[in-house]
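As structure tokens, the structure follows; a few thoughts come after it.
Each chain carries a letter (A, B and C) given by its place in the written order, and its residues are counted from 1.
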Amino acid sequence: MRKRCFPWLLLLPQLFFGLLFLSGILLGLGWSFGLSPLRGGVGLTLRYYGEIFRRADTLPSILYSVKTSALSALFSVLLGILIAAFMIRSRWDRGILLSVIKLPILVPHVITALFFINTISQNGLLARLCFHFGWIQSQGDFPLFVYDRFGIGVILAYLWKEAPFIAYFVLSLMAGVSRRLGEAAVNLGATERRAFFEITLPLCLPTIFSGFLIIFTFSLGAYELPALMGATVPKALPILAYQEFQKDLSNRPIALSYNGILMGLSLLSALIYRFLLMGGERREK
Amino acid sequence: MGLSIRDLCFGFKEEEVLLSLSLSVESGEFISVLGKSGCGKSTLLKVIAGLLRPESGEILLDGENIAALPPEKRGTVIVFQDLRLFPNMNVFENIAFPMKLRKLSREKIRERAEELLSLVELPGLGRRRIRELSGGQQQRVALARALAAKPRLLLLDEAFSGLDETLRREMGDFVRRLHEKKRITTLLITHQKDEALRLSDRIALMSGGRILQYDTPERIYHCPKSREAASFLGETNYFPGELRGGSFFSSLGEIPLGSGEEERDGRCELMLRPQEIGIREGGDSILLRKSYEGESWKLLLEREGRKLRLSLSSSEYEAFSRSRGREPGEGERFGIFRREGSGLPVLLPPETEGEPGEVFHGKEKAGAGF
Amino acid sequence: MRKAFLILLSLLILLPLFSLFFWVFTERWPWPNILPKDFSERALKSTIARAGELGNVFFTSILLSLLASFFSVLIAVLSGRALAFYDFPGKRLISSLMLLPFLVPSTVFSMGAQILFLKTALYSSIPGVLLCHILYSLPYANILLNEGTRALGEGLEEQARVLGAGPVRAFFSVSLPNLFPLLLSAFTMAYVISISQYFMTLLIGGGRVKTFSVVMVPYLQSGERNFAALYALIFLLVTTLVFFIFEGIARACTGGRRAELFSDY
């Protein structure tokens, strides 16, 4: 009947893109395991991964990427929730403030990098202010926030962009829950703070976790910010991948193996997310 | 002509909702489909209108088989419970919508819309936004819009559920008056028996995907076909006894039936409505509870292990109280009797497990002195 | 206290944006001056001189992102309907598939996709880049529109059907106008994601597809902060302008007159 095949018709474009997506990643993944689309492929093998792990800079890079992504995502989520909560409480969740909060979402990461380099680098505005107030004697005295080993500048830059994103992502849900259920809780005798932490926040948690996952994965695999603001050592994983990519074709599988690691990390975090979500549901039952 | 439905079957996710349902409505008639929630009433409407496809069965409107037509071509218009007024349009545009579809001219549309707004007693409200209207006003706009589609069959799906009691009554009467003016074949879905009794030409009792009984309000009320049918239209009381030689014998005494039912001699039960039972001093029924309902008093008594529900008008109650010096009290004993002029007795076979029991009556005379 | 926090936050957001103006005219800003030492209009003049070339880049970027957003939203509306109103085997699988790009960084996909596109006409071409942009904007549009479609429900369309409207007419007259605010949000999000893409455009576009981001980065990496600032400023101004236009259209349309617009179907 027409009713049966109609949804498939509607889904055709989506399916096309889904297929495109899968092809892209599977091709890359396959080649990293030796299944090369070109002639002269070597067949299923782990040697490219082996090669990567023999390199000295691999493990530090993995740690660096995971650390900066996790920390920036975590702080962004915390700050984002705070922002959203404050906006709702102050009834400023509409109008001008909302537009201002949305601004960083519009700004591409490369421009964000520009801002932060201008501001917090050792040559930046903050450093100069400190010099003027006599707190430091020379450029070198100002702490290293950009091009540093810990990726502090990178984390801060992500924070500037992602905290507003989380705030925006969660805002309408949180406002709705707060208005209906939070109000009910206060009616029953809870303080506003308790209502928030025991009712509103828990109900928004699934969405918040999703937001975390989205920005974590994004920053894990992003190239722009670490390239512009990161140190020479350690490099973020995507940068290692790209470096390898730009060498000749025989190095391609190695580049793709870095990608494989990145994908593995994202999928792992997705599994953890699902596990936490399932656990939450089971607890509810 | 009118609407003729035959053996309609519809299932949803392995559950059969409509079981070989048949119904026919005369052209210009106003009927109600009365039933509890979940019996399939709304599904029936959607199948008639074409929003759901039945598995089998026939739907004829004015002789035409509409089962093969898409919803927009059937001329069967539904007014939904949640009204579904289009929020992106104002009152005028909502009413104009079906007319635009029929490609009427701008002037004609404007004219008709004004007419309809007057008809539903909302003149001049064309420019208002839907959210600015009260519940009752929205209801009337929904009706006007339905009428603008020039329906061959008007289907009202619990259309008055969201309203308070007074408004509900008003809207019900309003729709009835509209019906008298326009004579559009109308089908009202409701779970409220008073509405069905008050407004319809005929009532179809629906339960479990089937029509149990389909008749005029008076006949359904006084001559229900089964216990289930009887329970739809009000509370019932059952008195066991024996049918012998043309009379019914029970603890209420002898009730002559009139000729015709001698073949059914044996044990059976008499059904009486709460208003058909009177109360008097001294007897073996214990008053368990009484409640005041403004125009009447409802009494719950126990007698021979069975619960009885009586309804006395307030004046009756007061007269009785005066005659005995005080109001009837809980725990006191009273006698009951079948009132004069209670109409034809309704008899059923004794209640047995799983057997709903078809009613048989003392000779049924259509429309005789109820 | 809350409000003070929010105001501080706003400053933290707005100040860097304003500082761009400064940077545009800065020629030399030696340490440790608080304010730049030499101002000049060099960056400005040089850029104006190359206005034609820049204009092309603008045009390409905006067109590309508008198209990517449009298609993302269109596809999301269709699949949103399929998921909200129909039951079919594999529904959960497809739901998950739609969200997969969230889990796979665009850098990872880009490298694989480049291999896929390399021998085809899609490589180093606008259509190829467009496809990839759509792919990564889609999940954002999907989450917004799936929920929205489900929330709106079929009720209004059912009503329109029984009043005499065919299925297409019912959708355009009644569902679409009410989905419009959500469509706009989805469109905006998709646009932002697309216009911010750098790595993907670089890799799939092979250097021949020039968007804002692609053109801006070399200036950022070199010492020419003034050029970088100028490009950034232009970029932000144009993007904000595009958004104001969107919002304007939206406001004009959801004034309820939307029904009229579509009633000629």
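Things to note:
Please note the rule applied: a residue touches a chain if its C-beta (ideal position, glycine included) is under 8 Å from a C-beta of that chain, and two chains touch if they have at least 3 such contacts.
Everything quoted here is computed from the prediction, not taken from an experiment.
Of all chains shown, the one whose average CA position lies nearest the global CA mean is C. Taking the mean of C-alpha positions as each chain's centre, the chain lying farthest from the centre of chain A is B. Averaged Cα coordinates give chain B a centre that lies 57 Å from the centre of chain C. Each chain gets one centre point, the mean of its Cα atoms, and the points for chain A and chain C are 18 Å apart. Chain centres here are Cα averages; for chain A and chain B they lie 61 Å apart.
Of all residues in chain A, those that touch two or more other chains are 3.
Across the complex, chain A meets chain C through its residues 3-4, 6-8, 10-11, 13-15, 17-18, 20-29, 31, 37, 83, 86-87, 89-90, 92, 97, 100-101, 103-111, 113-115, 118-119, 123, 125, 127-129, 131-132, 139, 160, 164, 213-214, 217-218, 220-224, 228, 238, 241-242, 245, 252, 255-256, 259, 262-263, 266-267, 270. Note for the complex: chain B touches chain C at residues 46, 49-51, 70-72, 74, 76-78, 80, 82, 84, 86-90, 93, 97-98, 100-102, 129, 145-146, 149, 155.
On the side of chain C, the complex with chain B involves touching residues 155-156, 158-167, 169, 173-174, 177-178, 254, 256, 258-260, 263. Looking at the complex, you find that chain C touches chain A at residues 2-3, 5-6, 9-10, 12-14, 16-17, 19, 23, 31-34, 71, 74-75, 78-79, 81-82, 85-86, 88, 94, 97-98, 100-109, 111-113, 115-116, 131, 134-135, 138, 192, 195-196, 198-199, 212-213, 216-217, 220-221, 225, 228-229, 232, 235-236, 239-240, 243.
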